[in-house]
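Presented sequentially are two complexes of chain A, the first with chain B as partner and the second with chain C.
So, the complex of A and B:
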């Protein structure tokens, strides 16, 4: 509509110069995170913050979130809000367990993708063909996913495992480690030298006990980026999420692309479910196993501004916080609070430079409160510890005032003509 | 040019439509339409809204099949099933409402759907830069479309069409969103491309523009072509009479009815952007008197919308006062302001004026839910609402099968007549009319103008916002120019020309004598505004 144009029509648009390319932002972000963590670990005396064990757990826990987030990315870039990721993920966990205990881990992966994709197909039929509100359909799929798997596991798993809530154990993947390299890193890590040991610990966690599923998931990220941003198919898919009427007027098959996107989205969420089932700590289907990770994946994607790079950052953040609390408990999470204080300090300086007095003041207040919390407590009460990932995300989302830009036609029902 | 002139006569015409008929359930949108567009010309298609121009263009562009009739392109009969067929035959369309994805780059928008031509990478980029020159677009293909202004977006649309190899380009109401200076630039582009052999089909109801750019004109009325004209000899008035088939209205108000009774008094009104970084309204002072129409001219996005919404209480002013007669409205909500006597014709009737899925009488209640005749105490008075809707339908000539049909079933002009009728009900003291005749046909436009004039004569104060400068000049007693949230200049509607106003609106001539000082250099300027 003409009436919503905010721009002044006659201002010639100068080509925008991005000062820093996207990959450099990523590198800087990783470097910044490592510096922050190693400083925190040095100041608080918690080497667990950057230990290889923590990193390894973090990777395992980040995986389902990453995959769910990727699923969300696909769907939302095509303009379909997929709050049903959670349900599709649950279907994926059941599928993985059902195929996994019979035919091994690769079958588990395939079945999880198929089950998740079926959930995606259902969502696509509801939202694209019948124009159901995306949230309503998504919530329905979440309920359906939980209910259906409960029924199916009572039917199929109960006679085998004598437990309607759990499947028989699944064969895990063999894991791989970069043997020589990891040992060398282990020596460095054990040396407890500032920064070097921290980096070594994190790297060692990344190259130890890697399963094929981890590699697959990590590969899916650049692959998704390539498909969505560097191919004709991806351009069409994104155009459908931005302005389906324009896409349609140019001969793009809007419904087709939405269907593909949502089915892929479901498949990825299902794969996330497989990552949960095949996690060395569990190795079976458990009712309630997903624990809202579909939603968290969606949050990670929003945190990443509907971009794969940011999504990876969001998933890593969740996974790390989750891994830390699982691995080391309340004391170390308190160390993380100290890290947040340091981060806030940096933000305060940055906001002062930009002359944003209000943001700076707010950051100071929060930093002081958190610091008081840190010095007055010995460890975070265990009731709170399991919420560490959520807390961390809240804190980061609250202070990182980023310009979020969702696809313009996201969540809107498209009708031809 | 001489060679192309001779070519025009020898070659088969670029497009010939013969006997096109298209029926929709209950309506005949086109009946027996004949149209011949010669190669290399700018052919204008004029007609009221709802006359069938859009349907005809949809048929030519392959979006709808005709029920009867044939289409010939370059002498060969063709059948279009989809727009892609039309594109293959060299026909491209620039839609009135831009078909662009804001968050994609210029390049992505251009290559979308035509990736097979040059891929989506460097080759495509090169081709786009090559073609950009022809359209006068001077931006990097990697820029996001959301960063472009309206005129540049239009050029991107033309670029899209060129990229697909179109030789015949349909421009659907291309000037509706442009200020006069941009219109001139567009026309320069069109002429430049015409010399390179492109053919244009120019759809418009702005007749001055049609006469300025077209080589020939076809007029369409009630779904059928009623004749052709030579734009060099025909006057705008004659053309318009062909369009409506009768005598024409004009927005001009002859005698002044301005009194010195102040109705709306706005002082020091300020409004900041949500992030507080920059003012949208900057110290606006405005007085509207009884019997006076105050027009606000300005390029869209300079604060007119926000001014209106702040006066209506839809946005909260940072500072300043708003007084209606003797009542201080500053702290009141929108409903209270309406009850105090403000009628409001919103700029987008679909977003703010009507509930499209609800029946007409239901729409009559909106904004009047606390007042007679649509409410009694705490209850809605549906009988009263229905009766009063019947009155509006009769008095304002709303063409509808009944008051129980949903608002969406009415054409734009009839919807707008309903809105204007509603807002003039209940004896308002002030009418705020935002683009009251945008997107409506000439008949509805005339009626709305007449009603505003009548209410003005009866002492109504009117605040008029319009992008149609002829309307603004014709209706207003005072014109104020708004630029970047400030009222920067006054213009006298008796003397100012649309061009002067246009340059004041872009800031180029805000200080020029013709706008601020009244009645000196341009004493004879108002000539044919009335014809439009």
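So, the complex of A and C:
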């Protein structure tokens, strides 16, 4: 509160003209990321940084984060903070396993969405109808989700799998690969040519072993964008998150839109749970499987400034860091630190051009520190790599919290007058 | 009188509602809820269950106090979970690597744990006062990092050692232990329980008899009014967060000093989140929290008996979850009801509103 008030005089002083449309920023971002990765991979000698295997794993790991983040986006755009994503995701994993081992993967997807949506409904009843604090309700739902699934697993999975913490195996989806295209990319990747091989590796990872769930999840992102930003319904839903009283005075059904948003949010989190259960490496419900991914989804959404494009970027980044660690260990992740140093170098130049001396100096200091880290360590301890999302989120919040813009009435309890 | 009823009715309603809910769940799954409840009650008298409940109550009590300090000023310290984990591993490492006379050794471990908890809480606190970062998000992230840090610190090439199948820190020498009260076959009560009681008394005195407590509560009631009255909001956030973190640092000490003497993979996780639930149930009041902690401990420990009557004991976690959710709903409903009653009364006295509002 106080800090924003202090910062306020600076804001009108620099009216920046934004002529670059959002999609162009996205394209530039992707291109920049690829250039950065291929440069890093060339300089550090780690071809794994852009290999198809890494990309494939990254996609798989980014999927639950993306879906949880989308869930967070829906709820928070309607002004309801959803800490309960984790609990809804847990319920989704249980639902997916329960339906999945009996009736196959599509049933698993449906059950996961239904179970997650039930969690969302509970959150909506508590926060919207009864006006309970959003954080409190979310924490309670996380406790409840964990307890409920533990109970149900002991009750139903124990006689089948002889393990109260695991479900019987679930039938996976068939995966699809763009056969000819992928082979051609594989040749290119094996060629080890600078940049071309890197791009080929990343593309090949994206088009190999794609499950219908992946396609569904990736379709849900533009669909959410379209629904929330390009339809009348979406405008109303977002207006409820910005100023519910004004929306109400214009005849928007505030409670209805909040309910829809939170239930969809739960359904998406549940689908994220299904993505975990139907992951080819796992294929069953495991207690503690979500491992805080609901929270990471929330973090990805904040990283993306409550926008779908940014959310995709956040989920991709977090999934990539995780996938890299899983595929090729801590020393390649150290390569990423080198990449960050290069990125900071670019930022320094940019800030110098804009004559922002303080930011440039700060970026130089961080870059030097990270470079020293890179030189002095052999590998990043694996214990920390899984928590890279947490560190990145804290860093982003610390540096850019003034520029992040969440919905104005986010987290506030609204009561019909 | 009505005041007291407004305070006691919601938790009672919530507990009854949750019991009914779990009863229905048990009936659906083909078990007898009455025999399950009976098994839980008789379990209290068996073996060391009673002492286990007391021990567990103390641990939950400390956790809920840590959360409550933040709640008093609408500061959501979700990070108690991470703070006590980091404090536990650092206290275990420090306690296991120094040699001091008995008493002083224990005291040093306690101080180190409190400082470590406060230091872990300082990061979100500083981010909040300097950069305006929401403490809920930052403490959630710090919880994740705490798991990573503790896993790293007990690695065998860092501070850990392999004992059997378990990786753990070096054992704290006997001079650093805190003796308990032994009941023979009835188990041993942790000596740290008395520290927990002292913390509760200290919390009550601080909240009700000191200027700091007044300012804390004032900031919680209305931050604008408090700042207008000369309360430094940033200082309050910083101090209460550090205090909350310091108390959170003590959560694992009953077990560390009284039983385990080492930080291992068997570390009891999740107490921070239970603390949030208990603080909500007890409405941040030291007495209410004690009741909530006792209820939680009873459900945890007596729930073990459920396996004997063929009921999965996880039903108690459902019960805990539904108690929290229904108690916050009940508090809110009662608050609204009282507000409406108040408005009606004022309306009647002023003669502006007719019989029905």
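Quick note on the criterion: the second predicted complex is superposed on the first by the 381 of 417 C-alpha atoms of A that agree within 3 Å, B and C clash if a C-alpha of one lies under 4 Å from a C-alpha of the other, contacts with A are read in each partner's own complex, and residues count from 1 in each chain.
Everything that follows uses one rule, which is that a contact is a pair of C-beta atoms (placed from the backbone, for glycine too) under 8 Å apart; a residue touches a chain by one contact, two chains touch by 3 or more.
Here the structure is a predicted model, which means the values were calculated and not measured.
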Touching partner for A:369 - first (chain B), second (chain C), both, neither: neither
Which superposed partner A:391 touches (first chain B, second chain C, both, neither): second
Chain B versus chain C as contact partner of A:243, first or second or both or neither: first
First (chain B), second (chain C), both or neither touched by A:135: second
Partner chain(s) touched by A:154 [first = chain B, second = chain C, both, neither]: second
Of chain C and chain B, partner touching more chain A residues: C
Intersection of the chain A residues that touch chain B with those that touch chain C: 1-4
Complex contacts: residues of chain A adjacent to chain C: 1-4, 81, 83, 122, 126, 130-133, 135-137, 139-148, 150-151, 153-155, 158, 164, 292, 295-296, 298-299, 302, 381, 383-384, 386-387, 389-391, 393-394, 397-398, 401-402
Of chain B, residues touching chain A in the complex: 82-84, 87, 95, 97-104, 108-109, 111-115, 119-120, 138-140, 142-144, 146-152, 160, 176-179, 181-182, 299-302, 305, 347-348, 351, 435, 506
Interfacial residue positions of chain A with respect to chain B in the complex: 1-13, 15-16, 230-232, 235-236, 238-239, 242-243, 245-247, 249-252, 405, 407-408
Contact footprint of chain A on chain C as seen in their complex: 25, 29, 76, 78, 123, 127, 130-134, 136-138, 140-145, 147-149, 151-152, 155, 223, 233-234, 273-274, 276-277, 280, 312, 314-322, 324-325, 328-329, 332-333, 336
